[in-house]
Amino acid sequence: MSAPRFEDKPRLDDWAMAMRAAQELEEGGKVFNLGFGIPMLISSFVDREAEVLLHSENGVIGFGPVIEDPERADRYCINGGGQPVEKRPGVAFMSHEESFALIRGGWVDVTFLGALQVAANGDLANWKVPGKISGALGGGQDLAFCAKSVVCITTHQTKDGTPKIVNRLSLDITAPECVKRIISDIAVIDITPDGLVLREVLPGWTPDEVQQVTEPELSVTSDLVEMAL
Amino acid sequence: MSAPRFEDKPRLDDWAMAMRAAQELEEGGKVFNLGFGIPMLISSFVDREAEVLLHSENGVIGFGPVIEDPERADRYCINGGGQPVEKRPGVAFMSHEESFALIRGGWVDVTFLGALQVAANGDLANWKVPGKISGALGGGQDLAFCAKSVVCITTHQTKDGTPKIVNRLSLDITAPECVKRIISDIAVIDITPDGLVLREVLPGWTPDEVQQVTEPELSVTSDLVEMAL
Amino acid sequence: MPIDKVVGSFDEAVADVADGSLIHVGGFGGPAEYPSYLIAALARRGSKGLTITGNHSGFSEGQLTMMKQRMSGMMAYPDDYFSPGILVERGQVAKGILAFPVLPGAALKVPFEELLEKGEVELELIGQGSLAERIRAARAGIAAFYTPVGPGTVTQRDKEVRWFDGRPHLLERALKGDFSIIRAHKADRWGNLVYRGTARTFNATMAGGSRVTIAEVDEIVELGELDPECIITPAPYVQRVVVRPQEPVTDWRTPC
Amino acid sequence: MPIDKVVGSFDEAVADVADGSLIHVGGFGGPAEYPSYLIAALARRGSKGLTITGNHSGFSEGQLTMMKQRMSGMMAYPDDYFSPGILVERGQVAKGILAFPVLPGAALKVPFEELLEKGEVELELIGQGSLAERIRAARAGIAAFYTPVGPGTVTQRDKEVRWFDGRPHLLERALKGDFSIIRAHKADRWGNLVYRGTARTFNATMAGGSRVTIAEVDEIVELGELDPECIITPAPYVQRVVVRPQEPVTDWRTPC
């Protein structure tokens, strides 16, 4: 599908998408996994006082924000993307087999993952960039298959304007029917048994304009709100 | 098979059998598991200076002798039979799943087990006493199936004189073709691809007398020695 | 809202254990490993038709009293030691998935053996290793696995046999419980746990092996006090934590 | 004879790694997790036709130099950091069983990607979780297991699919190596190991996943100094221990 570029319209950058995604977090013991890429930025938007249980697949649970100061960085406490993160009281380390026991066993409540494409039925493609001979499967497939909920964070369109939210995947699938919510640079969309529901729209965009850059049909309900950070 | 009782002949008691079994131990990193019953007594015959790696299936490796003094006993360091054992430098604790990963994965070099019957092909029956509605499988089945070598410690005959070393098991099998050596109260017998070989005989017994209380045929080689403690 | 999994009493901790639940009961066989207070609370609650899993089916109340005396020459048994046998004795258990349902010798008949003879309880006999791995599989999201242990024996039953690497293997299924009741040494309010010596055993294995894991602990420490390198059970596997009383409660009938 | 698994040099530790060996290479992706000195020793030894497993295929020597500079704004990278990429770059690797064979973006082409494009290396792509569990299965004597991860995707290949609990599962086989080369923090001469923070990762998983496990450690401590409650890898899983040099050796060509 070809789609308009809307080049003059506002869009969230990676950090702003991560900031919006941080609103999905909650205290109380639920486990949130921050996947490779943009999701790793989320930990920087967690209130330091808040007891949000963050897991990273390389084997750490209960960590804090990314450490920005290289002097304070500890290379023995990194996230799945290799960034140094704060140890906080309650943090625990585990082996890779135990970290993925936690993932495979369904103990991760929400995982945030990047996406190359998301299909209307929740199919996710995020491991192989077109043109590359192979890709980076990492721990994302285990997470996509086994987390209770998958939230994708992604630009709404590729650089050439092609929609990333599609009727059917054209790229290699990571996991089927797993994505429950998409947080893009212009909207928040839920994937429900009744189809795609537009929940939030970035100021400067209309629902109709969001539809023009989204391949499957979006339904708009009365509780649609503006995307706020 | 009915067998003579030889009631006037000497026999090793449980402690003496354990003492003979302790001769099977060696230093250098091999892992020895001491099963439920008589085998638990073996740890008391290990030289305190010797670095023999003892494993107990409840999740401790590298422990020392049974503690005889109740004042010094630590109920947080017990063997598989519930007896308090010494912690020694190098000891490590593990969960049950890890303890049996060690067993199932073939990391136990020798396990010492009790026996109700051992067949000529190495089949072992040791979990269900005749007449009981069920039995005590414990960790013995995992050990019998997976240890590199199984050494059985048992009286040669039941209390009524019936041989315990038999052509074929009549009792419920624990594991097939696993026993490599039998240390009894009157002899040491190896189970080899060529059949049962009598290795040691307790002073006071002749090879022929041992054969009279053993159902399968024993071969006697020139290196037969007296059983010594 | 900070994370706080500490509940005020053992009775409260097991208040939602329904009849017919599958319960992984931690412990091994010695006096220091059982979640004695949680077992006592389950006895007080009186839930019926339970399936219990674990190593040992446990002793009756009378046998425990005898054990405490008989064993005193070997090591002191605490007065607040209860094993799953008191649940069996009271008819709360419909089925046991156990490695030691009855004792090896003829000397002592545990409650499970008596009920088994009467046909009043069902037994699924299993070795410790396969039981531990089935519970671990439940925690780890492994639906089933092939183990070399058991083909051609009592534990094969109707399980699939398949050959790998020249040896027959049994297909064993994950065994997820409704509740795991376990004993640990220290906890923080997030539910991170450490154990003590050989009391780790099935307790650590069963943590996370059920929908709800309830840990009975010697002590609750401040968040951050447990060494992150030494935490054996991380927080997500534990839903409730209860601390053992300072003064032993020696009659299981006493609410606590 | 006391148990002593300490060997004097990295070269000695890998001296029997034959061509065609299957090697589990510990580490994850950061600079603190790889068994850098063992990787360097393998490069010096020059064993060919290796199958390596692990998360990441690793960087070339030149890329490592660039990484060390580029990453300095985030955190200091040690000068003695080598990743399996130097083995790939030197043509020692015939096959990779990997989760990150190539990088996600187009910016950087790691050696494995270049060889893959030329058809000079074979790839078995696998997710981190299935890889970790296959290695753990080898250690634990589990021949194969059913995981819900992968049906209908690139990782299914010719694996058996079977339904459990309403979901398709893949049958994954145990993956036992000839050698595991891992990094740990402290060891004693028995081979008991502890790790440090997130450097535990695949290192602890691969310990015991091979016929021979070789641990590169920061420090060898006296027997008894490691807390028995905190030992992550017990002695039987480790066959050789080598201590890292006090002064970093920054050229992998230097024998040590």
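Which chain is which? They are A, B, C and D, in the order written, and residues in each are numbered from 1.
To be clear about the criterion, a residue touches a chain if its C-beta (ideal position, glycine included) is under 8 Å from a C-beta of that chain, and two chains touch if they have at least 3 such contacts.
Keep in mind it's a predicted model, so treat the numbers as computed, not measured.
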For subunit B and subunit D, chains touching each: C
Pair sharing more residue contacts (C-beta pairs) when B-C is set against A-C: B-C
Relative to subunit B, chain with the most remote C-alpha centre: A
Subunit B and subunit C: spacing of chain centres that average the CA atoms, whole Å: 28
Approximate Å spacing (C-alpha centroids) for the pair subunit C, subunit D: 36
Whole-Å gap separating subunit A and subunit C, where each centre is the average of the chain's CA atoms: 39
Approximate Å spacing (C-alpha centroids) for the pair subunit A, subunit B: 57
Where subunit D touches two or more other chains at once, by residue number: 133, 136, 140-142, 147-148, 195-197, 228-229
Overlap residues in subunit B, where contacts from two or more other chains coincide: 87, 93-94, 100-101, 103-104, 146
Interchain contacts, given as pairs of chains that touch: A-C, A-D, B-C, B-D, C-D
Touching residues on subunit D, where the partner in the complex is subunit A: 28-32, 55, 72-78, 99-106, 113, 116-117, 123, 125-130, 132-133, 135-136, 147-150, 152-155, 195-205, 232
List of subunit D residues in touch with subunit C within their complex: 133, 137, 140-148, 164-165, 167, 169, 173, 194-197, 227-230
Touch list for subunit A against partner subunit D, complex: 36-37, 56-60, 67, 70, 73-78, 82-84, 87, 93-97, 99-101, 103-104, 127-129, 131-142, 145-146, 172-176
Of subunit B, residues touching subunit D in the complex: 27-29, 31, 51, 53, 55, 61-62, 87-94, 98, 100-107, 146
Touching residues on subunit C, where the partner in the complex is subunit A: 1-3, 5, 136, 138-142, 188, 190-192, 208, 222-224, 226, 228-229, 231, 234-237
